[in-house]
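Shared between the two complexes below is chain A, which has chain B as its partner in the first and chain C in the second.
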Partner chain A sequence: MSVVQISGLKKYFDAVHAVDGVDLSIQQGEFLVILGPSGCGKTTLMRMIAGLEKPTAGSIHIDGADVTELPPRKRGVSMVFQSYALYPHMNVYNNIAFPLKAQRREKKFDKATMRSKVENIARLLEIDELLDRRPRQLSGGQRQRVAIARAMVTQPAVLLLDEPLSNLDAKLRANARDELKDFQRSSNITAVFVTHDQIEAMGLGDRIVVMEKGKIQQIGTPQRIYDDPANEFVATFLGSPSMNILRAKGHRFGFRPEHFLPKTLQDNPENSVSFHYFVKRVEYLGSDRLVYGYVGGHENELTLAKVPSNIRVSLDIDSEYEFAVHYDDIKYFDEASGERVEAQVAGAAWR
Partner chain B sequence: MNALGFVLTNFWALLVLAFLGLVGLRIVWRVRKFGATRRELRHVLRRSPFYFVVLVFCFFAAAPFLIMFLHTFKTDGDLYRRPQPFVYRQEPTLEHLDALFTNTAYLDFIRNSVLVGVAVVIITLLLSLPAAYALARLTGRWGERAGILMFLVYLVPPTLLFIPMFRIVVLLGLKDSPLSLIVVYPSFTVPFSMWLLQGFFKAVPPELEEAALVDGYNRVEAFLRVVLPLSLPGIISTVVFTFTLTLHEFIYGLVFIADTSQRTLSVGVPTELILGDVYFWQPLLAAALIIAIPVGLAYNLFLDSLVQGFTMGAVKG
Partner chain C sequence: MKLLHLGNFPLDNRRLIGALFLTPALLYIVLLVGFPFVLSIAFGFSDVTVGNTDLSFVGFRNFLAVWENDIFRQVFETTIRFTLISQVFILIFANILAVIFTQEFTGKWFARFVFILPWATPVSLAMIGWLWMLDTKYSPIDYLLLQLGLLGRGGLLSDNRNLFWLAAPDLAQISVIFVQVWRMTPLATVILMAGLSSIPTDILDQAEVDGSRFMRTLLQIKLPLILPIMVIALLFSMITMFGDMTVVYVLTRGGPVDYTRVLGLYSFQVGIEGGNLAQGAAISLFAFPLLLAMAIFMLRTASRAEVR
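Our next item is the complex of A and B:
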């Protein structure tokens, strides 16, 4: 069952089309990640779901009710902000209780109920020791938990998270990602998570929405988005280093650096395409060797290969090697639109 | 009088004694903390020129108030014979201070000034808080221009406006009443406070308000529960500033109110204590000093946030 139903949503800031016709339905209990480069409209989309931004056109339904014109407080959503936006003049307890105090006016519940609700969520997020502190006395990770506790305490229909991990240092981030996923799974809440970090997106998302220029480029599971990109943008945006794209007659084709290996190492050489690969530079990254060079016939197009370090072939600079890619790992894109096409359509005759 | 007289006549000796006493205390404190008497003594003595220079600057800053204070207790003879502001050549007297309170309506002036000040501060806050918030947050292209336009009102001097304003006051039947000032003063306090408050509001991250909106509050509640408490230092310094603006306003006060007992400090004191070219210096200075002390204290208390308020809007935009 879908919790959030978005159709034809648009947001124009004067001439800038921040969100340009988005259709999306978010399922109950799923962890949906909206991924895209900065300025692609992902934050605007989320702010429209929250009600902080008024759409130019289109509609948003939450739990079956049309909320397009409703203010944020009547939507049953809550949000974790990038800066956490904790209220500096309140202690942690009052921060978490703040949304409950707003509800108290309609749903009558007493102070004891409120206290037990706050304490429950605090215990769940392991911040029950911190309830008397002020936000400025907390570390980044603790602040993030308080922000999540405040968003979760009212048991909203949808939890919106706006890059909540970007203010943490790298080590904490991996940890926080883990906990966030665990927490979402155990509470079975519907979460929408905005990020520009593909590793975060791949690790957290049940489904990923890739956005660019205000439009959805592709929706799918992390694996599907990575292995079966809908167009050239999705193909090159995901993966690090990004997919090699080479020009051919009437189309472009691409393959990922980790699929581009010495021919002798391909497990199925008959089913692969070989290239003459001229090595220009080799970076040793520990787990991999990153090779910069170009393939014969494409001298002006930098092509990378990512060779795992357990493959001990010698790769010398300014030498030529026989490299190969499996047929299935080559993707073809239309020259004009960048949309994905089949090999036959592209007219590639490797076989 | 005797104790006060002694303090005043031996003023210089006491000042030197106080300085030496401070140096002495400092030595004792350092010896107690670090031991080794001679080294500590040398340390403090080596730094005493520095303390002395600081003292001179303090004296320079405090001199006007000191002179006002010392003159309050001088006899006419002492005052007018070749001026020697810091020395008493005749016995100090309380007679002029007494005259200020008995012969003039000084207490009435204070009452009127406080009444006008408090009322104007309240009106100003009620008008400028929402206006400043709107300018800081909710403006489009025209909002900014409207804000500048409102501030331009502040730049029109009262000397241009007092005649039309007087006609309005007469029309309203408020002549000779402090109420007239309560009606007119917001015309310059509101634009000013609005501009000051806008800077404070802009410093509150918009995300905090958005968080309150998502957390279940409407905009007014978000403003009252989040923005207002966070800009409290700014609001307090705006209050102090608005109050002093009304306290030293002269021309409206002079024109609108002819009845002495209804006048405010800034008008009442000079009109009562300067008659033609005769200045009653002692009560005049006493009157100024008494009102300057609480205002000075208030400014000192909120100096930091006041400076912040003046620079914030400019830097952060």
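Our next item is the complex of A and C:
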């Protein structure tokens, strides 16, 4: 069942088309990640779902009801901001209780119910020891939990998260990601998570929405998005280092650095395309060797190969090697639109 | 390697340029604040008059004489009363106006400009304007009330054709307080507006998503967050008003009788107009410990309320 149904949604700030025609359906209990570079419209899209931004056109339905014109408090959504936006003058208890107090008149619960709701969610997020503290007395990770507790205490239909992990240091972030995913799964809440970090997106998302220039580029599972990109933007935006793109007649084709290996190592050499690869530089990254060079006929196009360190082939600078990519790992893109095309359409006749 | 050699300008000397930058502020403090302050202390402990400028030390004689003077006590009480009452109204109006002016509406720029005018106008000029507005015979306010039938024979407010804004004891006090509020509200408003716009938008967005409506957001989020700034605004306007004499000097000269006589004016009247410099200085010095204590207390409160 879809909890959020977005159709034809647009938001124009004068000449800037922040969100330019988005159709999206978010399922009950799913963890949906909206991924894109900064300025792609992902935050504006989320703010429209929250009701903080009025759409220029289009509609938003939550739980079947049209909420396009409704203020945030009538939508059953809650939100965690990047800064966590904890109320600095209130202790943790009052921060978490604030949405309950604000909606008390409509929902009609007494003080005791309120206290037990706050205490329950605090226990669930393991912050029940901190209820008397002020936000400034908390660590980054604790603040994030308080923000999530405050967002969850009203049992919203949708939980919106705007880059909530980016204020944590790297070590804490991996941990927080795990916890967030566990929490979302066990509470079965529908979560929409906005990020520009593809690792976060791949790790958290049941589905990922890739956005660019106010438009959805692709929606799919992390694996689908990575292995089967809809266009050149998605192909190059995901993956680090990003996909090699080479020009050919009438189209472009690309392959990921980790699929570009010495021919002798390809498990299925007769189903691969071979290239002469000129190695210019090698970086040793521990688990991999990152090789910079170019392939024959594409001297101006930097091409990378990511060779696992346990493959002990010697790769010398300024030497030529026979490298190969499996047919299936080569993606073709239309020269003008950047859309994915089939190999036959691209006219690539490697076989 | 020197790429560019411009020679040794005197202004390249950091010590010199530092001293130059500091000079105006230092001059201001020494000449216009420090020197008069020291002088008034010296005067307060002497028997100097306009006729005899020899300073001979007389200890606390002036202060004791002033303290035992019934007029002084009344003046002191009036000053405190005027200051406190007007601060209440200034705070209320400044908060309301600051909230209005931080919302989006058409004509906001013009409205802001108009509301800042009372503060931007030189006090004496503005007071002459009010002197006309509150004139005993030709007050436009009276005229308006007369046209509305509230004044004149059988009128609701008075059978008389005038209310005597500056001549009736109660009305004169109300008028002075009103004019002070009119004059001081813009500054407090501007300070509060700065405070309101410094609240992170995330916090306000969060409150909105949390379901908070206008009044709850105002009372439970915005006002607590600008409390420190509010205290500063209050301190500014209290100190300005406590020492002010211009308003009453132009409007009422302290009258009728002594009803609107405040400390600044009384000190001026005794010291300059009456020629008793020593007592005038002693009168004005009574405000000092009070204002100092108030400033310390309020600044402490402000820094304690600071949460970010």
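Throughout what follows, the second predicted complex is superposed on the first by the 351 of 351 C-alpha atoms of A that agree within 3 Å, B and C clash if a C-alpha of one lies under 4 Å from a C-alpha of the other, contacts with A are read in each partner's own complex, and residues count from 1 in each chain.
We adopt the following convention: a residue touches a chain if its C-beta (ideal position, glycine included) is under 8 Å from a C-beta of that chain, and two chains touch if they have at least 3 such contacts.
All figures in this text were calculated on a predicted structure; none of them were measured in a lab.
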Side-by-side fit of chain B and chain C on chain A, or clash: clash
First (chain B), second (chain C), both or neither touched by A:Ile245: neither
Chain B versus chain C as contact partner of A:Gln103, first or second or both or neither: both
Chain B versus chain C as contact partner of A:Val77, first or second or both or neither: both
Which of chain B and chain C A:Tyr87 touches, first, second, both or neither: both
Which superposed partner A:Arg150 touches (first chain B, second chain C, both, neither): both
First, second, both or neither for A:Ala50, with chain B first and chain C second: both
Touched partner set for A:Arg136, first chain B, second chain C, both or neither: second
Stretch in clash, chain C with chain B, out of 9-17, 45-53 or 153-161: 45-53
Chain A positions touched by chain B in one structure and by chain C in the second: 50-52, 71-73, 77-79, 81-83, 85, 87-89, 98-99, 102-103, 150, 154
Interface residues, chain B side, partner chain A - complex: 205, 207-208, 210-218, 221, 226, 229-230
Contact set on chain C toward chain A in their complex: 200, 202-203, 205-213, 216, 220-221, 224-225, 307-308
Residues of chain A defined as touching chain B within the complex: 50-52, 71-73, 77-79, 81-83, 85, 87-89, 98-99, 102-103, 150, 154
Of all residues in chain A, those that touch chain C in their complex: 47, 50-52, 71-73, 77-79, 81-83, 85, 87-89, 98-99, 101-103, 134, 136, 150, 154
